[in-house]
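The next part holds the structures, each set out as structure tokens.
Look for chain A in each of the two complexes below; its partner is chain B in the first and chain C in the second.
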Partner chain A sequence: MSSQNSKVAYYPGCALEGTGSAYDRSTRAVGKALGLGIEELENWNCCGAMEVKNIDPKLQTYLSARNLSIAEKMGHTTVMAPCNGCYHNLKKAEYDLAHDLASVEVNERLSAKAGHAAYRPGKVTTIHALDWIRDAIGEDGIKARVRNSLSGLKIANYYGCMYTRPRHIFPEKDKGPGSESTSKPHFMDDLLAAAGAQNVDYPLKTACCGGAHTLSDSDTSTRLVLNLLTTAEACGADVIATECPTCHTGLEMHQARAEKVLGKKTTVKILYFTQLLGMALGLSARAVGVHENFSESRDLLREKGLG
Partner chain B sequence: MAEPAGIDERIEAILAASPADLAARADAHADALLAIGEAVLERWVIARGLVPTGDAVEGFRLLALHRQGAVGEPSFHACRETCRELVYHVNLIRLEPDHPDRPQRIRLAAMVARHLVLFVDGKLEVAGLGEFCCAARPLRANEAEAAAAIPG
Partner chain C sequence: MPIHEKSLIRKENLVTHERLTLEGVDVSGDWSTFIQPRVITDYNEAMQDEIAALPGGEAIHRCWQCGSCTNACTINALNSDFNPRYWIYLIRIGLESELLRDKDIIWQCVSCNKCTYACPRDVNPEGVMKATAHWLELKGHTPPSPAMVFDEVFSEQVFEHGRIEDGRVLRRFFARTGQALRQDWLVAMVKGLVSRLPVSLLIRLGLATVIEPKTRGWGPARAAIAEYVAERHAADRRALSLPAEESKR
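Let's look at the complex of A and B:
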């Protein structure tokens, strides 16, 4: 076990307190089952998500930097963010504060106004939940802990667009063997394969889900999601594994909408990778929040002897 | 150049074709899907007031068009891997003519092409409003500028 990531600061972000609560529940449960410590950031704030970034990107940088400064103040050098949007924004703040003087100036000014020390880049490393489990436990560690193999479950791993883009804010990726790839990400594939799953070769693993368009142009989002779902089914997948609450919710909601509006029914199930991993580790479906998912997968899980 | 009108129908026709047809006309289908991808990217490039490039990157004009379409438009990188997946599947189809999975490979290439069409169409639809991708630069910058220009 890597000592660096065996106890990390935890930044759940807003989505994991709402639509993504099953991701929060399963992340915490998996961490506990693996003996990994997490300490939630005290008094954390929104990372700036899309809404603030779209109006004032430097304000978004400050909002994310404030969370990093809290992690630093709590004595952590690593903060783990399971949400792709949060992960992306914290990484972007780190990059901007290291490369953009105007962002530094805004961060200094707003931090002073808010009465806390301004975050300086290089103090805290942001990681995704995938990095956390892979670095601290690894595939061999997962294999050794599996109590209920995912054997027989065919999975399309869907990473979404923000986990790897833009490449320059993820300097640790694309460093050869052992590192994550921005063009063909594989950390989720690796972890779930270690838990016994059969991963399918899914050609749309980083394609857009239309998440940002869900409210403003639902039809485009529905068509994009429908294509993700039908492609996963064409690849033979029983399940699409997700690692982002926005993608996950979009897949679930537009799966239902595609059937209602377009008359296109798909049956592939949608589960967070932490839910799958948790069940492989012997946790019940309820303990990892499967009942909170909009997509009904319990029949399949029972059929496969999971949960 | 494939005409944008009818693109959806052409993709659906490929997806509806029998395995025997897909196997027999695999190269033609692969070429058609690549042409559809190029046509869609041409639309994006032209909409931005540019002349579509005739160059190739790694042997594919599709990749050169994507590169051209992404200049000054970081959010367009969200379809970079979709373009590369289309090229990958076309390569599989062309380079392994006797492979038993050829029909399946064409179907997957068609689905990848469909995703590219949907993504670029979505970008074009909202071009007057802002960015399609959530990883993009300020969505409502133009609106804010317009609002600031209104007197009073």
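Let's look at the complex of A and C:
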């Protein structure tokens, strides 16, 4: 296993400072437990999330690229983003600035006016928290460090939309054995299996939770999420493991909403993969922020002897 | 024998005659149902170019009508009227009146990008959906959709401060769309969380709603973005032959 990512620039993004606080806490805790260094990007800004592109996509490219230029200035070659939205937008900025002259022109112009160096592709690349742990530690490394196996815990691994789509912005994926797949992603499955979990065969790994319209079209989001939850239960899962704060919060919110509005109660628990991994590494439930989740999972975790 | 394709024809376009004789032959009964002939003369020949001029719509001309987008679509699975392939067809031939029948659902695209993933022609159907929703609003066919209001509330905060605070986005969105913040399900969820969170964290979260998170030294970026946004708005309106808008602020 290469350790080139063992010291990376960390881009938490807005959600991890708000509703996704548990993801930030658990990512940092897992990094520390694994001895992986992270350095937070200095004075970062919002990547544009899923909203700014609807005002203007090139503006989103600029916002994301500004963060990449900060990483470059700090001397980093790798930015690690745990949030799927941030990860997607930074990857998209890398792609667009390497392939679309109009995007380059806007980025150069706005960067000059804003008074910082414009990001140019090639020097800094973005990875997901999954890549970070996988590249630096690997499955065997996780196996060797497990102190509290997840054995007996049935997990549906949910990757969402922005980790794999559209495929052209992820040139490193779909490269055969060892690489991530955009149609059947497996990095999260692999890491959690190494931590002892029993992954269920979940057919909706990359289905959509309606996160972009979680508040503006709540009824649609509730239907999409309810489908994800009931399918996970039908697959026998105790837990849905997430890797995105928007998906995670959407699943929690609409699980509550489906019960209140549609009278459909589901009991599957929702936890960030970093929370599960952290507990397997011997961290307490509190240290990985389980108390910060909207979805209450502590009874299940106690029952399974975790946290 | 009924014509079994009848279910595919809209009711208002079917004509059934009680008694009918055609060229001396009595066709009353099973053979007396016809599709209303229609002659379309009101094609909007500018529609494709206008939508292609808006961000996201650029590659609409590449579409071959294979239907991979609709087949992959998350929203189509919930509502079969949500049909990106058909809308792209209508836009390309300029059938505006037909597109307007679906004007109130086009904004519901959730940007899951399954269509863009599946498209063999790099049309970027997700972008076309956003461009079409914009076009409908700019032309005055639809009021700003809840999704557009959300995008604006969110983006305004990013442009202003460089970062967002999600509680503030939520409150402003609910205020601007005239919804009560105390929705049953939201209250139940927050109560559950508050009962578990330590006081120190609650104080920190509370403070974040008062002291907005900001990127330091954002002033020059804010000005550059504001200038660019104004430039883009003006360009979009020009592309749609709309009069220049008086400045909002």
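To be clear about the criterion, the second predicted complex is superposed on the first by the 306 of 307 C-alpha atoms of A that agree within 3 Å, B and C clash if a C-alpha of one lies under 4 Å from a C-alpha of the other, contacts with A are read in each partner's own complex, and residues count from 1 in each chain.
The rule is simple: a contact is a pair of C-beta atoms (placed from the backbone, for glycine too) under 8 Å apart; a residue touches a chain by one contact, two chains touch by 3 or more.
As the structure is a computational prediction, the values presented were derived from the model and not from experiment.
Student: Put the two structures on top of each other at chain A: do chain B and chain C fit, or clash?
Tutor: Result for chain B and chain C: clash.
Student: Check the residue A:Met74 against both partner chains and state whether it touches chain B (first), chain C (second), both, or neither.
Tutor: Neither partner.
Student: If we overlay the two complexes on their shared chain A, which of chain B and chain C does A:Glu17 touch? Say first, second, both or neither.
Tutor: So A:Glu17 only meets chain C here.
Student: Which holds for A:Leu300: it touches chain B only (first), chain C only (second), both, or neither?
Tutor: neither
Student: Figure out whether A:Cys235 sits in contact with chain B (first) or chain C (second), or with both, or with neither.
Tutor: A:Cys235 contacts chain B only, not chain C.
Student: Quick check on the superposed pair: does A:Met253 touch chain B, chain C, both, or neither? Answer first, second, both or neither.
Tutor: A:Met253: touches chain C, not chain B.
Student: Using the touch criterion from the header, give the chain among chain B and chain C with more contacted residues in chain A.
Tutor: C
Student: By the touch definition at the top of the document, which applies to A:Leu59: first (chain B), second (chain C), both, or neither?
Tutor: After superposition on chain A, A:Leu59 lies in contact with chain C alone.
Student: Check the residue A:Val146 against both partner chains and state whether it touches chain B (first), chain C (second), both, or neither.
Tutor: The answer is neither, since A:Val146 touches no partner chain.
Student: Identify which of the listed stretches of chain C (63-71, 171-179, 189-197 or 225-233) has C-alpha atoms clashing with chain B after the superposition.
Tutor: Clashes occur only in 63-71.
Student: On chain A, what residues does chain B touch that chain C touches as well?
Tutor: 50, 53-57, 161-162, 165-166, 207-208, 210-213, 216-217, 220, 223-224
Student: If we count contacts the way the header does, which residues on chain A are in touch with chain C in the complex?
Tutor: Those residues of chain A that touch chain C are 14-15, 17-19, 21, 43-46, 48-59, 62-63, 66, 106, 109-110, 113-115, 161-162, 164-167, 182, 207-208, 210-213, 215-217, 220, 223-224, 252-253, 256-257, 259-261, 291-292, 294, 296.
Student: Under the stated contact criterion, what part of chain C meets chain A in this complex?
Tutor: Touching chain A from chain C are residues 55-56, 74-75, 78, 108, 110-114, 116-117, 127, 130, 145-152, 154-155, 158, 162-167, 170, 173-174, 177, 184-186, 188-189, 192-193, 196-198, 201, 205, 208, 213, 215-218, 220-221, 223-225, 227-229, 232.
Student: Which residues of chain A touch chain B in the complex?
Tutor: Counting only chain A, the residues touching chain B are 50, 53-57, 85, 88, 161-162, 165-166, 183-184, 203-208, 210-213, 216-217, 220, 223-224, 227-228, 230-231, 234-235, 246.
Student: Taking the touch rule as given, give the residues of chain B at its contact with chain A in the complex, in rising order.
Tutor: Those in contact with chain A are residues 74, 77-82, 84-85, 88-89, 104, 107-108, 111-112, 114-115, 118-119, 121-122, 125-126, 129-140, 144.
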